[in-house]
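Structures for review follow.
The same chain A turns up in both complexes below, where it pairs with chain B and then with chain C.
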Partner chain A sequence: MSKYALLLAVAAMAQDARQIVEESQKRHRSNSQRYEGVLQVFNPNGKNSEKRWQFSRVGNYGESKALLRFIAPPEVKGVALLIVNHTDRASDQWMWLPELQRDRRVALQDRSTRFFGTDFSYEDLEERDVEQSDFKMLGEETAEGQACWKIESTPRKTRASQYGRVVMWIRKDIYFPVRYEMYVKDQVVRRLHYRKIEKTQGVWSALELNMEDLRRKGRTVLKTEKLQYNVPVKEEMFTLQALRRGE
Partner chain B sequence: MRWLLFFSLIAHAEQRGFVDVRTTLFPQTAPSDSGRVIGDALLRYEVRQRLTPWLKVDGAIDARTDSHRQYEREFRIDWQDRGVQRPAISLRRFSVTAHKGRVTFEAGRQFIRWGKADILNPLDRFAPRDFLNVIDNDFLGVLAARLTVEKGAHTVDLVLQPRFTPSRTPLLNQRWVVLPRDLKFAVSQGAARIPGGVQSGARWNYLGRGFEMALAFYEGHNHLPVVDGRLLPGLRVELFNRFPTMRMYGGAGAVPLPWFTVKGESAFFKTSDRGADDYVLYVVQLERTVKEWTFVGGYAGEHVIERRVQLDFAPDRGLARAFVGRASLAVDAARTLAFETAVRQNGAGAWLKSEYTQQLSKHWQARASITVIRGKQDDFLGQYRRNSHAILALRYGF
Partner chain C sequence: MKLIKLISWQYARKHKLRSLLTMAGIVLGVAVFVGMHTANQSVMAAFIKTVNRIAGATQLQVTAGEAGFDEEVLERVQAAPGVRVAVPVIEAVVNLNLRSQGNILILAVDLTGDRSLRDYTLEEGEDTVIEDPLVFIAQPDSLMVTREFASANQLAINSKITLDAMDGPRTFTVRGIMQSSGLTSAFGGNLAIMDVYAAQKVFGRGRKFDRIDLAVNKGEPVAAVRARLGQMLGPGFEVDPPSARGKQFEALSSVYGAMANLTSMFALFIGMFIIYNSFAIAVTQRRSEIGILRALGASRGQIQTLFLAESALLGLAGAAAGVLFGLLIARGISASLGEFLGEIYGVAQRADEIASDPKLLLGALAMGVVTSLIAAWIPARGAAQVDPVRALQKGRYQILSAGENRVRRITAFALLGVVVFCLSFTQNRIAFYGGYFLTVIAGLLLVPTVAAWLSRALRPLMKTLAPVEGTLAADSLIQSPRRTSGAVSALALSISLVIALGGMARASYDAINEWMRVAFNPDMFLTATQNITDRSFRFPVSFADAVREAPGVRVVQLVRNGRLRYNGGPVMFVAVEIAKLERESFLPAVEGDSSTMYKRAAAGEGFILSDNFAQLYNVHLGNPLTLNTPNGPLTLPVVGVVRDYSDQKGTVLMDRAVFIKNWNDDSINIVRLYLQRGVTVEATRQWLERQLAGKTRFFIFTNRDLKAYVTKITDQWFGLTYIQLFVAVLVAVLGIINTLTVSITDRRRELGVLQAVGALRHQVRRTIWLEAIAIGVVGLLIGFLFGVVALYYTIEMSARDFAGLRLEYTYPWGMSAALWPVILGAALLAALAPAEQAVRGSLVESLEYE
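Then we have the complex of A and B:
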């Protein structure tokens, strides 16, 4: 009897974890998003470099499309990445290289690579859709000074991932994630902190993301500027032709 | 007034460009070229003006000078870029793009790339190159109208090129043209016979769930020349380039597999010209990224169906029947290291290039490369064995 109770309790906790993540995604939904990102890349030797990109997204979790285009420094200006997210599988990604005047598909097995020298990998730029992972409640913990749920997600087979599991901390008061830890085997390889959490146009947003690559001992800070939600964005801006046109 | 209008137009435009100053050092002289050091400078300025949400203009201009008389000294804007020498000032791109829904139309001088592979692109028929330096070459824009219709996973591209742009071939009196040592007559370079008429092509591209594929057709002239000659009085021969007719049927595909991505590209070329070949070019390559390394390696092959050509300049075929590879390492956000190689399957020619790039500051970048070429005189790569070189370059980007 106690075995069944334990199983039921585990099932209930798993359900809770999934519900919390679903609720978190539901609460922070927006039909579109646009911002200008400032990326500061800090190498292990302390030197830093700065890159800027413009980011646009249309659609919601799992079915969204995003376009990211570098606007500085000069050597990467015009380089762009188109991400088409799917609910049932990993995203499709294409890179536009203006020097070559060509687009290039980013293969699934290459998504663990660092994105343009930053500490984000290509995979980190995808959305993490609820349907592609299993969730487990690990407990409650204080993170970034806030009471949080600590939840573990493991990718289902439909989603190929470099990470064996991801542990996330979600604020209990506003259902907003504040920290992610990404694991390869039993080792934390990347840690992402969400900082400067504020409401923009009624949507809770982190205006600063801090990604640490613990193997390389580098970190990248992404600051979002000119953030806007629910701006009029057309679907046709998120195609390969739009990538080529430089939308 | 005109300048005022120009500056007010570009004031709100997207702009980018660079100034690149480069020194090329050749340890060996060549029979037709005793120069060992070449200095050259390039200013490239690109501008994009969005006139309405659906209409934009792209422009790019190159201004160059060099110490080796490979570039013209005349101060004029060459909008065609079809001369024997590289123009001092050339219009690299000037096109108008309009789009509505699934349809994009671009007209003017532009770049059109159809290939999917990285080491050789038989499908790139609208992509002539400037081969003044055969190893370090650059694409030339073409004057064309391009209509693209994208519907779901399908894209259809239709291209009309009313004015032919040939690839620029190396200059006869410089090291990238290797003439036989025992020539009994003087050779001079005549004006190229550039064909008139329209080049046209169509491509269908499909993005599948786990693959991509494309089929392409081209009707027009080869942008790489057959070399003909005519006898002049006094034991002199004038060589000139002419561009044979060409019809191409081609296809390309890319399939990401669990360990690497396989890419293939192949085309059958047929001609009605009695001095040019019918042949097939193909390339199969594997690519993989491991941590900060990217590897591309494969084989470029050729099958000649009917051989008729006596003398030509065809780097695409010259690179065929070879194993080709590229490896690059992103050391960090500011430094990259890259290696490229091609080795002919019969061992008659080989080429290895290594390049190091470092971002010095937000605007400044330094580049150093070493290219080693080895092989036999009768091989396309091997003939350039005295042209191994090192390049030091400094670039200011804006």
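Then we have the complex of A and C:
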């Protein structure tokens, strides 16, 4: 094979990888979403804790806005996180603390830290638009018992990320991601499994997310309940003013 | 070495007491030097240790003086290129009213990012804090404390602590106990971590931070990021490594360091005279010994070297003992010094360990040896010039020849001429200090002459008081001018120090009292902290509205003060409603027009400076003064200078509106209340407590309370002066004891003869007592004269180089009067042991002496 043919093949594969990810995002797109999440944190020392939140989201993938408000236990009730995703840069995030009656911005530098003691980082809550990363097809593999494409995404310079690269497995049958592996240098630091994948209102959804922090050896399970798509959600709910009002 | 072992060692063994007394001056001087400096260094080291431990991996800190800065600055710093992590910090020392140790350093941080800089390793409550910071930050009553603090106060997870927050007493919950580590040992372990946003509310900071701690990206030069941030933020901000905070603290306490130096130097200087005196006497006593050595072939150089080696060894032994003694007293001094500096400068620090700097200790040893060598230089040279033939003849050794006296007098007057010349150029530092030094030398050269005159003048009086003993005592002084002048010089120098420091203290008290009378005339003061120098808590401006509602309040003045950096040094700013200040507490101008100064400042057209600021920074009426503010440099002319003693480093008074506009800060430290006629302070106090207690943290000082508080701080400061006075008097007493011990030994034969011809023991005793009292009287009189000059120079020094205070020259007559019984009593006490030694010895041995 001539070197031009090889380059064309590589380009085609790259194109494929991007198209697959784009297709995946397109297929599972919804204008709005709402659910109640149960967050279980399993610490390496065997202790675990549980919290519940309400999650609302509006807008297209990559440029959506999301609001997450804790409803239990009582000591964190009312604490909220507003995420405003941008297609061209990292998201903006604000936290609301009802006891202090004030909001605080989650700085970009802090996105790599753990989200409220879970095994997710703040960055993991963001939506990653395809334009912010380069993609590479690594091949095909079986993951979570399903035939998948194995694709590597590398953040573009416009986007600050704690991860050097992310490898994802996307089910070939339904274009739905089932696993992510996040790398810092050459080491996998987090692994996210999508489980209980079901169709809700015609949209494929994972009702359980299982995030492992391989450095800390901890695990967080997010169970989704009362999931609804395309519900009437007002854009005004996703503003700092609304966050402050506790809406 | 052989000569030292054969001759010097034997002599020292024979005169143990005298050797010890001679050494005592050095011991005391070195001990004071080591003690005070080690204590200062220990407090400084503890401060730096706390700063470093709290700093963790922090490479740079962004501050804007004490005023703090808006939250938006954090976002700018976080977004700056090269910055890896930047976290906001509020730091405050508060009293928690707990059983064991009341004061605790609250380090308030944003835990989200702060763990990149500091290591919080918890041993308890891990679930609630480290594993779940959500609870910690969601609940503003959360505190993390150190294991040491928890143990000392029997605290466990979920224990409650009551803290006086700005909105009244609030219960806090211990949600984490940190394992012992570098961080937890900061501030002696009395450390608690709090969420920075909760702290804003607790300490009344509004939406401001005290500081930003940051670390730079890997491989990024710290200096480059520092420069970039400095440029980006502008001159109102300081971007420094954490170590710079130590320098600020050092700058604040520099006046104390200078005082410590002055005390120890003076003690050593006086000690030098004791050594000089002892060696001068030793040389005369050992003339025959020197003569024999010279006759046996010892060269002049060898004799001089022998005496200098003796003095060096004596100095070394004295300095070594002084170092040990100094280290012993350092612990005691440092314990109170931390609190003291906290009271004066509002920077609390605890020193739990003594930081002994090897350089300081070596320096102290060298100082002792050098002082001893300088003191012994003239006697050693005199020993070397002893003629062997004359030395072996018995005779009167203590006489100063008329020629020698004349040379001294001529030199002294020549020096005084130079001093007068120097006085014309006092603006020049070399001329000023040179003049002071030459005055001291000239005075010392004149001591033998003046002491002899005074002794002769005293003779008739002493003869009247006790015909035999008085005459003998006076003659002893007159006939031994060398011996007498040594003791008198030491005593006079001590007295002059007492007069100078005492006079300065008196003048300072008078000035401060006068300032307080005018400036501290409100009926009541409301503060957010327990003392006026601590600025950890601030009132929101709404507090003033609540206070204004109090019945019978005529005027409410709002004050915001704090420190900012001017020309690299920490100065005080006071933002106040100047129009009200003019009406209620008018301070006349030292520079400027009193009638327009306040109006211009009230209109925001200029600054009013304290006199000491003007002196220390050489900024005077009409000069432009530039202060760096978070909004950029603010340049306004100096519209007046007033006597204000708010701070030793100088104070800038500005209108409150100017401060709010340029510092974006409308918070308040102090509210000054003037009541209507007929309204009592007690009634207003009760109303305020009824209305505001439980809602807002505040402390009420009545006019009398606050004046008492300022007087207490002034007393604490001058407590240092009293230590100096004590050392001065102690060294002087040592000098008298030494002189009399030498005198008794020297006159053993004479005293023996007296007893042999029928003098009674009590007569000999009284002779020696009277001699001591006469030394005291002569020393006092000459000391008072020296004091006149020393007070002038001390006041000038204070104005130009220490605190910039222009004080009135007022001779402390009361103190001079009080010195009479003290010194004469001390002289009499000093004479008791030598007098007993004189009468208890064997008569035969005494007659065989020499």
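Operating definition for what follows: the second predicted complex is superposed on the first by the 246 of 247 C-alpha atoms of A that agree within 3 Å, B and C clash if a C-alpha of one lies under 4 Å from a C-alpha of the other, contacts with A are read in each partner's own complex, and residues count from 1 in each chain.
Assume a contact is a pair of C-beta atoms (placed from the backbone, for glycine too) under 8 Å apart; a residue touches a chain by one contact, two chains touch by 3 or more.
All values reported here derive from a predicted model rather than from experimental measurement.
Aligning the two structures on chain A places chain B and chain C in a clash. When both complexes are overlaid on chain A, the residue A:Arg29 reaches neither chain B nor chain C.
If you count the residues of chain A touched by chain B and by chain C, you find the higher number for B.
Contacts of A:Lys196 after superposition: neither chain B nor chain C is touched. By the document's definition of touching, neither partner reaches A:Lys172: not chain B, not chain C.
Contact with both chain B and chain C is seen for A:Leu100 once the two complexes are overlaid on the shared chain. With both structures placed on the common chain, the touch criterion links A:Val79 to chain C but leaves chain B unconnected.
After superposition on chain A, the stretch of chain C whose C-alpha atoms clash with chain B is 78-86, while the remaining options among 6-14, 42-50, 78-86 or 744-752 stay clear. When both complexes are aligned on chain A by C-alpha atoms, chain A residues 41, 43, 47, 49, 51, 75, 100, 102, 105, 107-110, 113, 116-117 touch chain B in the first and chain C in the second.
Taken in their complex, chain B has these residues touching chain A: 14, 16-18, 48, 56, 97, 99, 101-102, 104, 111-113, 115, 139, 148, 150, 155, 207, 212, 254, 256-261, 287-289, 291-292, 294, 330, 332-334, 359, 362-363, 365, 397-398. Residues of chain C touching chain A in their complex: 74-75, 78-79, 83-86, 110, 112-113, 115-116, 126-127, 130-135, 137-140, 197-198, 201. Across the complex, chain A meets chain C through its residues 41, 43, 45, 47, 49, 51, 70, 75-76, 79, 95, 97-100, 102, 104-110, 113, 116-117.
Residues 41, 43, 47, 49-51, 72-75, 77-78, 92, 100-102, 105, 107-110, 112-114, 116-118, 218, 236, 239-241, 244-246 of chain A are the ones that touch chain B when the two sit in their complex.
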